[in-house]
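Heads up, the next two complexes both have chain A, just with different partners, chain B and then chain C.
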Partner chain A sequence: MVAFVGLLIGIIIGIVWNVNIPVKFSPYISVAIFACLDSVFGALRGSISHNFRADIFVSGFFGNAALAVAMVYLGDKLGIPIYLAAVIVFGGRIFNNFAIIRRLLIDKAKSH
Partner chain B sequence: MKKFRSQISIGIICVLLGFMITYQFKMISKQKLTADPDTNTPEIITENEQLKNSKQEMQKKIDELDAKTKEYEKTSLGKDAKSKLIYNELLETRVLTGGTEVQGQGMTIYITPKSDIFGSGSDDQVIDDKDLAHIVNELNAADAEAISINDIRLTSRSGIRNAGNAIIINDEKISYNKRITIKAIGKSDILESAINFPGAISQKLTQSCDITMEKSDKVIIPKYNKTYKFEFAKPIEKK
Partner chain C sequence: MKNNEATIFVFIASIIIGLLIAMNIGFQGKNNFLDVKQYDEAYNERTKLYSELSSLKEQYYNANEKLSKYNRGDEKANEVAKEIKQEISDNNVLLGKSDVEGPGVKITLDDDDNPNRQDSGQFIHDSDIVQVINDLRNAGAEAISVNGQRIVYNNYGLCYGSNIDLNGIKIVTPFYINAVGNQDVLYNYLTLEQTHITELKDRDVQVNVVKEKKIQILSYNGEFIYKYMSLISK
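Right, the complex of A and B next:
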């Protein structure tokens, strides 16, 4: 519930507030978004299987984003698209987490 | 209390995520809007097509006019030996200045850039203007009578030079990372030995490109499509 309210507030802030982030940071932000989505899915899975820990979620959220951004930067400097590694890993994990969430939810629905 | 704090942290993180996602959405839609209408790809493609068509039409007109001048020349050609001599000299001068299409024995050199393994360095300049100029110089030294690069006829006033992201020859652009064809008419054995001589083709070019050559009895070189203008050079009349 808190998550949805937070998301809504964030979207409203994003629409209303006109901050200027230089365009060259655009790829960094998109990879960071992907990393954050991954940790949110991880948190969702954790909360459904009742082993959610806020500290791990928060550190994962910022850590993943920072690592992904660092990878984009390094790839930019080396001329190799390393960010693809981040995108593939995070994408795979999102699907993985979603599969587990699905299983847990269906099992729950069946047991009731 | 602990539950409350974790809830708050989740809330804050979701605010951040929502903000980032909407911000990125806004940025990308803005980028699409601010894309310059002049650099619209479909428009450029259609404009390019139109220009190509008009070029072809103009080429047709040039050919027609050429045919007409040839007729005039033939009709004005008298039967006496003097006018025949002058006519032959005119034809020879035309070959020299690139005024006519010529054919004869010679050779063709293909310079094909090697494809990159990673495919990332395709924007790099693979073929240097100096390398091309050097090859042309070697061909000229080996008594080539007519030379063309990518079917652009080289004349005594042609320059080969980098400009922007292309090599410019006779005001025409050729790409420096695509295949380049150099044709030369002359005694093919001499031309071949001149090109095969060590140093005729720079080492850098042999490393970055595949160079193949082909001797042929029938090399066709197109004519130079512009008119010469002499603003400063005037012949000296001897008294």
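Right, the complex of A and C next:
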């Protein structure tokens, strides 16, 4: 719930500020968004299963994003779409995390 | 407590993600990713431009060919003009309207300077000049001048006592007759054959014929005027 509220606030702030990043960086930002989303899902899962650790979340949040951006850059220079690896890994993990969150939530609901 | 912490972090992270998404979506118009419709349109546009390009290339080729044809045509016209010019200059050379030079002979004629002679044979007459010119023509001289006067087709000579009126210009002795032609033929003809020069020699007037490698003969500076003749139209 809190994630959606935060997302909405962020989007609104972004639209109000209307900051444009150069088109050149668009693919980097896209992959970074994906990495951050993965981290957020991980955090949600952690908070639900009560094993959330702030240091791991923060490092993962920024580290994943940075790594993903670096991969896109490297792929751009080498001519190989390496960012696909990031997309696939993050996508898979997002679905994994979502599945676990789903199970935990359903279990929680059933146990009540 | 732990849950609360997680919520805060997730909230902050969500805000950041939202920001990033908004930033990334914010420039949709400038996005370098095209949706299917845009791609289709762009593809069609490209095809159109390509076909336009090929038709333009064809046009260019045609225009270029035409241009080169014109150029060639110009060349032809130029050649014709060149030939005409060449012919005109040839005609001028033949008529005597151009300065010419070439090998030939120089003839110097002077009256006999013997003061005791009293007959007309000691003087050079207009008829002598005319006959010498005739001899030169006979020997194949291409250009002749007498005392610098170019001999052209309508020259005449008249004697007015001490000087000779050659085509309206008075000339006096000595006469320098220059002729361009085959110098050997001219020289041999004038000295060996029975010509007017040999006759003049017999008359003891001063006659001197020399071969020259290069003789310059200036153009006729008068005008060619005709009133009565006209071209026969074929």
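The rule is simple: the second predicted complex is superposed on the first by the 106 of 112 C-alpha atoms of A that agree within 3 Å, B and C clash if a C-alpha of one lies under 4 Å from a C-alpha of the other, contacts with A are read in each partner's own complex, and residues count from 1 in each chain.
To be clear about the criterion, contacts are C-beta pairs under 8 Å (C-beta built on N, C-alpha and C of every residue); 3 or more make two chains touch, one makes a residue touch a chain.
Only a predicted model underlies this, so the values are computations on that prediction, with no experimental measurement involved.
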Side-by-side fit of chain B and chain C on chain A, or clash: clash
Touching partner for A:2 - first (chain B), second (chain C), both, neither: both
First, second, both or neither for A:109, with chain B first and chain C second: neither
Contacts of A:11 with chain B and chain C, given as first, second, both or neither: both
Partner chain in contact with A:43 - chain B first, chain C second, else both or neither: both
Touched partner set for A:79, first chain B, second chain C, both or neither: first
Colliding stretch - chain B into chain C, listed as 19-27, 145-153 or 199-207: 19-27
Chain B and chain C footprints on chain A, overlapping residues: 2-11, 13-15, 19, 21, 23, 26, 29-30, 32-33, 36-37, 40, 43, 52, 54, 57-58, 61
Footprint of chain A on chain C - complex, ascending: 2-3, 5-7, 9-24, 26-27, 30-33
Residues of chain A touching chain C in the complex: 2-15, 18-21, 23, 26, 29-30, 32-33, 36-37, 39-40, 43-44, 46-47, 50, 52, 54, 57-58, 61
Of chain B, residues touching chain A in the complex: 5-28, 31, 118, 120
Chain B-touching residues of chain A, taken from the complex the two chains share: 2-11, 13-15, 17, 19, 21, 23, 26, 29-30, 32-33, 36-37, 40, 43, 52, 54, 57-58, 61, 79-80
